[in-house]
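Below is one structure, written out as structure tokens; comments come after it.
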Amino acid sequence: MKITVPHCGQMDIFINALCRRIGPEFIIPPKTSPRTLDLGIKYSPESTCLPFKFILGNFIEALEKGADTICMISDHGPCRVGMYDIVMQNILTEMGYRFNWITMDNNQILRSHLLIFVREQRKRGVSPLDALRALLFSWKKMKVCEEMERLTHKTRPYEVNRGETTRVYGECLRLIDGVANLRELKIAREDALSRLASIEQDRTRHPLKMLITGEGYMVINPHANQDIERRLGEMGVEVTRTMWFTSQIAHATRLDHFKKRSKSKAIRASKRYLPHNIGGECNASIGYAILYAREGYDGVIQLLPFGCILESVAKNILRTVSRDYDIPILTFSLTENLSETTITTRLSAFVDLIQRKIKGKGK
Amino acid sequence: MSLRIGIPRALLYYRYFPLWNTFFRELGGQVVVSRPSTRRVLEEGFKYADDDVCIPIKMIFGHVLSIKDKVDYLFVPRFLSDSKRGYCCPMLAGLPEMIKYSVPELPPMLSPFVDERYRGTRLSKALSKVGRKLKVGPLRIRRAYAKARGQHDQFQRLMRDGGSIPVLINAFEANGCFPEKPMAEKREDESLKIGVVGHPYSLHDSLFNFDLFRRLKEAKASIYTQERVHLRIIDYHLQGLKKDIYWTLGREILGAAFHLLDSKVVDGLIYVTCFSCGIDSMIEPLVGFRAKGTASPYMALMIDEHTGIGGLVTRLEAFLDTVRRRKFNTDDGHRKSWA
Amino acid sequence: MSTNLAVINEEGNVLCHRYLLTHGQPIRAIQEGLREILSLIPNGMEIHGVGTTGSARQLAGVMVGADVVKNEITAHAVGAIHFFPDARTILEIGGQDSKIIIIRDGLVVDFAMNTVCAAGTGSFLDQQALRLNIPIDQFGQYALRSKSPARIAGRCTVFAESDMVHKQQVGCNLEDIIAGLCEALVRNYLNNVAKGKEILEPIIFQGGVAANEGIRSAFERELGKRIHISKFFNVMGAIGATFLAQEKMDGGGETHFKGFEVINLHCKTRSFECKECENVCEIVAFSIGDEITAYWGDRCGNWENRL
């Protein structure tokens, strides 16, 4: 079995860790590039959302590389992602590919992801204990990666040499990806921390604080959002985003109810504006904006794919949230035409707007 | 109570008009439905609705604008799910808020929350909350709902027997009820049977559907819409998918389309889709794939704000030509699908 | 597309300004603009600071040695606020894009920009002027003479054109059609870029299209409010950049201005794909004569910091 998954954040590190320990062979799709998107656009129905097109592109490139099994999440609506599997299966079959498909039902993480996983491994002769140990190891790796990523958000606005944080972060990820057990992981973590700490910083700066929220795929994937976190960091903004691999799983298994800035809390906060949870990240996007506005953040950026049936509702309501909480909110509704100017000019104007607002208040 | 209750002629009005109209009238209210869609209504809607949303949503903004100053209450329910196993489009669940936060100077809104998957939030309970808000006694509310439900059930029956939604709406609005017998028009000179599927609030909106039904009638085609396909048949056709289609309307459209393509009940199938409809973007490709595997001619007609009538009419005529050619020259074993 | 230049003195008065059509050659346009500016400023005047803005702001910045490189939204706002300190809305329509900027208490609080669709931009009018064979600078006068503007479908330039053909066929006169076009553009702008924005007075209209009195009149009719136009309407971005440069240089330091000699230098840009990692960024290399003096376009900073 040669399994592949879509590119999503740093998920390859998780899958790599798992598959190197207990297999099967993991075919990483080539890094999402303009070619990926072109393939996705070419073979996707026109009105599908942008994440669909990226993911289809990933799958085509992985199948080209020899993958024979596709593993993809699904859910029970109302977001479209639950229908990706059946539509993509039809498209890929018509293109002539032969493959197996494993669906991981997001609504039943414990029952679906966990049990399927253990069962599949048992078929391959891996004991449940080893499978669970491998899972735990990979989870811990992801936690370390996320810790490093959060540090880059805090470091980048202060960096003296543009690009140093990004370069060092890349080294850290490679380091972490390479380790094979918990002991090595601990050492790698210390190493990564010290590398990040030794980035030359100018601590006299006063970075703005911004929240990035919105539809999950667009928030977590730099290839979909024009690398917005790096751009903002280099403009001197400390960013925080709401979509993390481990926090999504924690929320889905209901383990985050009491955490400080958890998704559950965000959904509760949104009820004032949207009294019922309508699904997807919609309520969370509204709620997070409220939670972070209360904490004194300077601005919020909402990302969504054009036509997103859930985030469009949030987009509308966030305008009122922006007024009520006096916090600027900028929305990017992204299409396939991801040109530089779409994002950079607006981002820099947004940062200016907030900086001048703060300067004005200070007078 | 002689309050004027405003109901925008858009979205779920096309599914529930007999129920809602009857309910509010039986409570003693005066029901004010916005006039049928026009270009003007749509353009007003453009001003307040976001770019991302589909035309039916923009349309309801336009309808709300056209009646908001003429009513005491605006009825815009919040539908999360309208059947035990499916969702509505999530924008319907967030609709009252989208309207509330974009359109200025609204009258008070009646926005009951409906989630048919759970007993406590079924339409009957939701409407009785509305009745209580309007200070109507519980007995009267129950009676009103029972009567409304009766009209709704009759509506379903009439549709399954071939009644067309616009005709039924007009009859109902004129008389306040349906005739006992179905109103299927029998035409002797019909040579073609064309299946038409799509979201009812696109398909039957007089502006949006560019008069599709009249054009089909003029082309001597009888029309077979998805409402004529029984739910059990829909379930049967979807069994093979091993996939839970979780949008109620999406499910109906898909099952009906499969039935119409496989069963030779119709000579050809048209799916009227709306640009930037999330649900259609996933359902239509599945119909398209299936159509390739059957003998039936199929066309997906996508309509958006920029659509010119000329282009649509040309495509419709070409499609009907193909259907006619195939029907009356029986040796054609070529499988094709049209887009 | 245009290349605009402006010079201000210490007191903040505009000494001179130039508006040139870029004709697809930004380097040549910048050099030509500088040459004309040089002939307009007093001999021996020293340049104490330079700011660049617009879609080619990086190229311009590298060519002249800018102290400030700013996006055009901020630049337009700063320029307009200088002349209209109470301004609360800026409507800006250029050849290829359009913007709206919302200002409260002298600060930008909101903005929107349209770069995707031509329907709300100057090119919409340019195309129709070409079709009707009427010079675009006379458009406004025709529109003002109209007694009853024709209603033209405006959402898309292509469909507007077919609608216009129809109107001509049924005998609408040219004035009414042109006025109808102006109204269509204004409607597009308001439904598109300006959607959801609170438009309060004073309203300032700038950008190349502000020259068209027909558009200004259409805005006033549609909004029911007065529209102000500065005499510097078509170079406001450049003026804004000069004030931003002044702000920066007030903080002390030497200017990076390279001098007017760049007018005669042979400048070139060349772009290539960097193959050093999977990002495959498009790098732009700027050279004077044979010597590469600047790079930009990289994500990692390796090229930008190379020189």
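Lettered A, B and C in written order, each chain numbered from 1.
Please note the rule applied: contacts are C-beta pairs under 8 Å (C-beta built on N, C-alpha and C of every residue); 3 or more make two chains touch, one makes a residue touch a chain.
This is a predicted model, so every value here is computed, not measured.
Ranked by how far their CA centres sit from the centre of chain B, the chains are topped by C.
Per-pair tallies of C-beta contacts place A-B first.
Work out the mean CA point of chain A and of chain B, and you get 36 Å between them. Separating the CA-averaged centres of chain B and chain C is a span of 46 Å. Residue positions 196 of chain C each touch two or more of the other chains.
Each of residues 50-51, 102 in chain B touches at least two other chains. Residue positions of chain A touching 2 or more other chains, listed in rising order: 319. Residues 30-31, 33-34, 161-164, 166-167, 227, 230, 319, 328, 335, 337, 339, 341-342, 344-346, 348-350, 352-353, 356-357, 360 of chain A touch chain C in their complex.
Interface residues of chain C, counted against chain B in their complex, comprise 155-156, 159, 162, 190-192, 195-196.
Residues 45-49, 76-80, 82-83, 85-87, 90-91, 94, 273-276, 278-280, 282, 304, 306-310, 312-313, 315-317, 319-320, 333 of chain A touch chain B in their complex.
Within the complex formed with chain C, the chain B residues making contact are 46-48, 50-51, 102, 305-306, 308.
Here chain C touches chain A in the complex through residues 55, 70-74, 105-111, 113, 115-116, 196, 278, 280, 298-302, 304-305, going by the rule given at the top.
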